[in-house]
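What follows is a structure written as structure tokens; I'll ask about it next.
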Amino acid sequence: MCCVTSTKALGRTSSKGEVILSKSPILQINPDRLFPVEPSVRRLCGELYEQVRAAPIISPHGHTDPAWFACDTPFDNALSLLVTPDHYLLRMLYSRGVALEDLGVPDRQGSVVVSPREGWRNFARRYYLFTGTPSKVWLDTTFAEVFGLTVQLDEHSADLYFDHINECLSQEAFRPRQLLDRFNVAFIATTEHALDPLLHHQALVEQGLSTRVTTTFRPDDVLDPDFDGFAENVERLGEVTGETVASYSGYLNALRARRAAFRAVGATATDHGPVSPFTACLADDEAGRLYGRCLSGAASGDERKLFRGHMLIEMARMSLDDGMVMQLHPGSSRNHNSALFNRFGPDKGADIPRRVDYCEALKPLLNAVGNEPDLELIVFTLDESNYARELAPLAGHYPALRLGPPWWFNDSPEGMLRFRHSVTETAGFYNTAGFNDDTRALLSIPARHDMARRMDARFLAQLVTEGRLSEAEALRLITTLTTDLVVEAYRLGDRVERFTAA
Amino acid sequence: MCCVTSTKALGRTSSKGEVILSKSPILQINPDRLFPVEPSVRRLCGELYEQVRAAPIISPHGHTDPAWFACDTPFDNALSLLVTPDHYLLRMLYSRGVALEDLGVPDRQGSVVVSPREGWRNFARRYYLFTGTPSKVWLDTTFAEVFGLTVQLDEHSADLYFDHINECLSQEAFRPRQLLDRFNVAFIATTEHALDPLLHHQALVEQGLSTRVTTTFRPDDVLDPDFDGFAENVERLGEVTGETVASYSGYLNALRARRAAFRAVGATATDHGPVSPFTACLADDEAGRLYGRCLSGAASGDERKLFRGHMLIEMARMSLDDGMVMQLHPGSSRNHNSALFNRFGPDKGADIPRRVDYCEALKPLLNAVGNEPDLELIVFTLDESNYARELAPLAGHYPALRLGPPWWFNDSPEGMLRFRHSVTETAGFYNTAGFNDDTRALLSIPARHDMARRMDARFLAQLVTEGRLSEAEALRLITTLTTDLVVEAYRLGDRVERFTAA
Amino acid sequence: MCCVTSTKALGRTSSKGEVILSKSPILQINPDRLFPVEPSVRRLCGELYEQVRAAPIISPHGHTDPAWFACDTPFDNALSLLVTPDHYLLRMLYSRGVALEDLGVPDRQGSVVVSPREGWRNFARRYYLFTGTPSKVWLDTTFAEVFGLTVQLDEHSADLYFDHINECLSQEAFRPRQLLDRFNVAFIATTEHALDPLLHHQALVEQGLSTRVTTTFRPDDVLDPDFDGFAENVERLGEVTGETVASYSGYLNALRARRAAFRAVGATATDHGPVSPFTACLADDEAGRLYGRCLSGAASGDERKLFRGHMLIEMARMSLDDGMVMQLHPGSSRNHNSALFNRFGPDKGADIPRRVDYCEALKPLLNAVGNEPDLELIVFTLDESNYARELAPLAGHYPALRLGPPWWFNDSPEGMLRFRHSVTETAGFYNTAGFNDDTRALLSIPARHDMARRMDARFLAQLVTEGRLSEAEALRLITTLTTDLVVEAYRLGDRVERFTAA
């Protein structure tokens, strides 16, 4: 998808043109990777994939840093770009005994004990741990197609990789905005908390880039009474918006104001990550009473849960008013590992999925707003036992509901197959929302979308060769899944016009 | 399986013999549909399927209207036969914004706002939503093989379909009893609630048809204290049977009397659809005490649950006495969408599966009667996480227990594969009960059984080609799964003799 | 793998050399059994399998009788060796109406009502029930490769089998220790409860065999207050160790002493089978208080659960001290069938898996010791919904945690595929622990390991042909999965040196 822009050959030839007798094996990216084996299915799969191989990337849910695009400064080095911010990598390395310190992860005081090169070597030495994981597919594809590397990453090639990647990053072509062009990114959304000053997104507005790079409103910090610092966050919410958040109605107004502020810099969607999808429909006075108790710290666990569940419905109602797409990502037990959290802070790989039930939990929300065809509510799950049992039947009934793509640990070849196989027969294709890359790893975005396109092509090819779909339907659907459903679900029609028209 | 009986060509030729320049694509039914792709497996799969392709249909669990067979009047029109009673279709259309009114679904007052033709057009226009679902496979097969249609259903062919199907329905050959013959239905069971007067089934007895068309005893309305109108239902149960249901023993006698009445018109089975499979074994006086509290409305939620759970065991005991097969279908959260339920009533696609645990829930029942080899207890699930974990181990141990086929949302190609792959290694083949179509869509019954036969052939073919089963075993098993196990599990030996002997 | 040592031909030729016109079909073991069908994958699968086909068997978790190896006396007969101790077989036969009495299973008084030959005939007659199950693959492989039988087992061949197997068992070559050699067993662990006198293992030490045949410390009987006879067991624990178990600290010392005694006869691991993986981290005085209440019988259900959960953490701490690998096998509801349990005792096929949640349950344990790279904690599950959802993410984060192989009902071709497909993308290969046979059926051990090797080869071959793994990686991994990970996870480096060096 992406070709190397460096003019120098790599891997077995040094950057000075000398031949390096590298001990590392050749890095080869199979052009038919992830395709099924049976020749007739593989052939059709390849044809379907070819329809969307070069389609623009629409990335409506992710975690890249907006400063990259607003400031367009060069990236620092291979380690800080590719390893230390990626909790997919940290967790696996940590699980086999690699200390986070040795990977250059700063502790809560910002202290770092190894040089970037040392951290990279420690990563490279254990890179084999990722064999069989999607992380390895994404990284190898990135190494080969973005950086033009030609040998595999291991302890022998660690320095070669580090030097070469850093050299690339210093070039103009590897500036963030150039990468957006090179990756053919039509649209990318970042995620900011409710109190974020949105400075970078404001800058993007001023630079005329905000239709392409946009924020997402993620208000867990001011909605969830169990969130660290909830009361202080609400107080700041009042300050930021000028609303008197001492009253429940002032609090709702403040939330409306922040939603408007996010929309003003281009946001089309909100995102919510409660520990469970529990919802509750309270009368205003009851909600107000609980709000007071949550703020004062007097609320019991059940009261906090009730308030959190009620506020999800309030968010849905506000979405009906202001047209923002609502995303729900429940079921992660955050910061499971206390010692690691205390030392290094959040997002170090210790968020663990837990069992979630949707049928009864979402009932109050869906009874309140689920019949509204003007609402877009996109639900994700980490608990795949819900795909066929609860989520596909719910999405296959309520007009407001769509299923988000396989999320996080399930954003993988097998996870994608399980999703399509479990969901399609009950929810069909049109109650889904296309692909999300959900990543802060900018460089791997093409590889992630490519994986999704390959797996969708594979699923459709199987249906055709088994006589469950016509080839004409499959040829239409591959584009529907890759772009149309994303545009429709996230209301991006005006953003990606020039791309999808092409 | 079924050939068109209309003498007129269809689709691209009008009913008057003129060529229609239809914009709709050709409708082609792949003769190898659902077969696996690898050539050697496909060949064997086809051979196994051929063994049972034309085998008689035995349909021991379904929801067709007994009036059809008792009165044998022609069906009204395409919409009221194929769309408005089919909650599989309504839910999906509703999920993408089609109002039920626009499909001709009557509200609770019986009011209908569109003509059948308009309703059919609204269905046809969104028929593409079913791409990838079993509903589309069933319908397309029905369109092609029952009605002889040769173009696909879409907005262009909507009227052609509507006119042609209606014309067919007016013909003698499309009368309900003729269809039973044409579809080679050896046996079909309907389902009636405990208070049903059974008039149509009585008529079928008098017409000598009751060994072929039979009822099933479904007593949730008089067993479940949470059922709408429970106390009134029990009062009517007393009136109907002449038992004094004020006492618990009179209530049990009344239930015995209704079971006998159902058996008298041919029933061999009961069916139970509690929200959970919870069972409880109470002493008679405790059960009697709870019964009184449930009738008076004084019972708490826990007491009602306890009583419901106890009555499941009573039903099993009565089955031991009278030989009726007991079916258990738990785990559906009925009428999840209150607004829709209030406007249109039940069965409009808003029943949603929920998580169910069987191991502890069924323990009291299985400890009471599970060791009885003379009891047939057939358990179904919507929660597939139980297949390998709880249900296959339970069925692979208790003599009384069998597993019903994949139910409802899981009655699909992928659902059937998941069932066989998850269940067979622990429960074997002989603790299962063959296929149920579970449908009120009479016209699709051949297509549904055909799908099950194809998927069973596929599963067996895979086992043979992977050296896990001999070809001789597979050739025996395909018939065992298609007919023998159904006959054995539902005790239909005397009903289908002439068919299976042939 | 194993060739018949009997010099006489079998099956269709009698033991006296006469031709028997057996009605039973030929028994053929497909050399490519369990391999995938697509020719290119099958070819590669065969090559990978060939790498490990003859690799030594390392069996770190099982339930064979140590007396067999300590005394090396000949086995009694086909029934008592192959059928009556195997609850996999008993449960299935019982589920289709075969009384345990008729299989020669002794009741609690030791009474047996059929002769071994009669019991064997009753087994043979219903052997077809196992079609499609792993038991049949294991047994057929054993019949063909260990006993050289050439016709299938059924009612016609029952006597031929019984006579031939008994004749084999009387030969020197079928003595337990000879079988270990013939099966190429490098290491095998048995399992003994905490109070076991370890006499046979002591004898094995004296015979110099304890590095090859070793015990495992299974202390549920003295750790779980719900265990039958807990208080008496703890009292005996005090007697056996000379510690004053009236105090909590004495109790801990007694446990340490038993662990040391097990290590002294060669144990490297402990095993724990609580009904749930619930853990709790209590202060010493609180634990001591609960201990007293559990001993006196005053503890509530919640208190007993809390104590059991706390003691799992104590065991982990002791493992950190003494280096024993800790295995956790939760989630089985033991002796589900009371009538059968009362008549025949435990292990008769009525243990049923139930739903288990790991994320929150293991959190206290993992927060206490999960960050210790020196701890080996191997967790198993019967609830596969946890593979991708909770266990792979936990194992892919905590250094102490590894996933055990698919257990019990999931020790099957499909179960193994589900494990690899669900676990690998998140936990990788290196957070797993190789294969366990977990069996008391000594004769089937080669067949069980062979099945695991075939399924691993199959999984790897699929990854390679789909471009997700290089062939070189697959060739390394097949040995890693078969031997290296087992040796590493169970700390058997010094035990199997001579084998793995070869």
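In order of appearance the chains are A, B and C, and numbering begins at 1 in each one.
Methods note: a contact is a pair of C-beta atoms (placed from the backbone, for glycine too) under 8 Å apart; a residue touches a chain by one contact, two chains touch by 3 or more.
Each chain and its UniProt protein: A, B, C = Uronate isomerase.
As the structure is a prediction and not an experimental result, all values here were calculated from the model.
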| item | value |
| --- | --- |
| Same or different contact residues where chain C meets its copy chain B, judged by the half mark | different |
| Rotation angle superposing chain A onto its copy chain C by C-alpha atoms, nearest 5 degrees | 120 |
| Geometric centre distance via CA averages, chain C-chain B, whole Å | 41 |
| Multi-partner residues of chain B (at least 2 other chains) | 38, 385 |
| Residues of chain C that touch chain B when the two form their complex | 25, 28, 30, 32-38, 91-92, 94-97, 129-134, 137, 333, 336-340, 349-350, 352-355, 382-385, 409-410, 412-415 |
| Sites on chain C touched by chain A in the complex | 38, 40-41, 357, 359-360, 363, 366-367, 370-371, 373, 385, 388-390, 392-399, 401, 421-422, 424-431, 462-463, 465-470, 472-473, 477 |
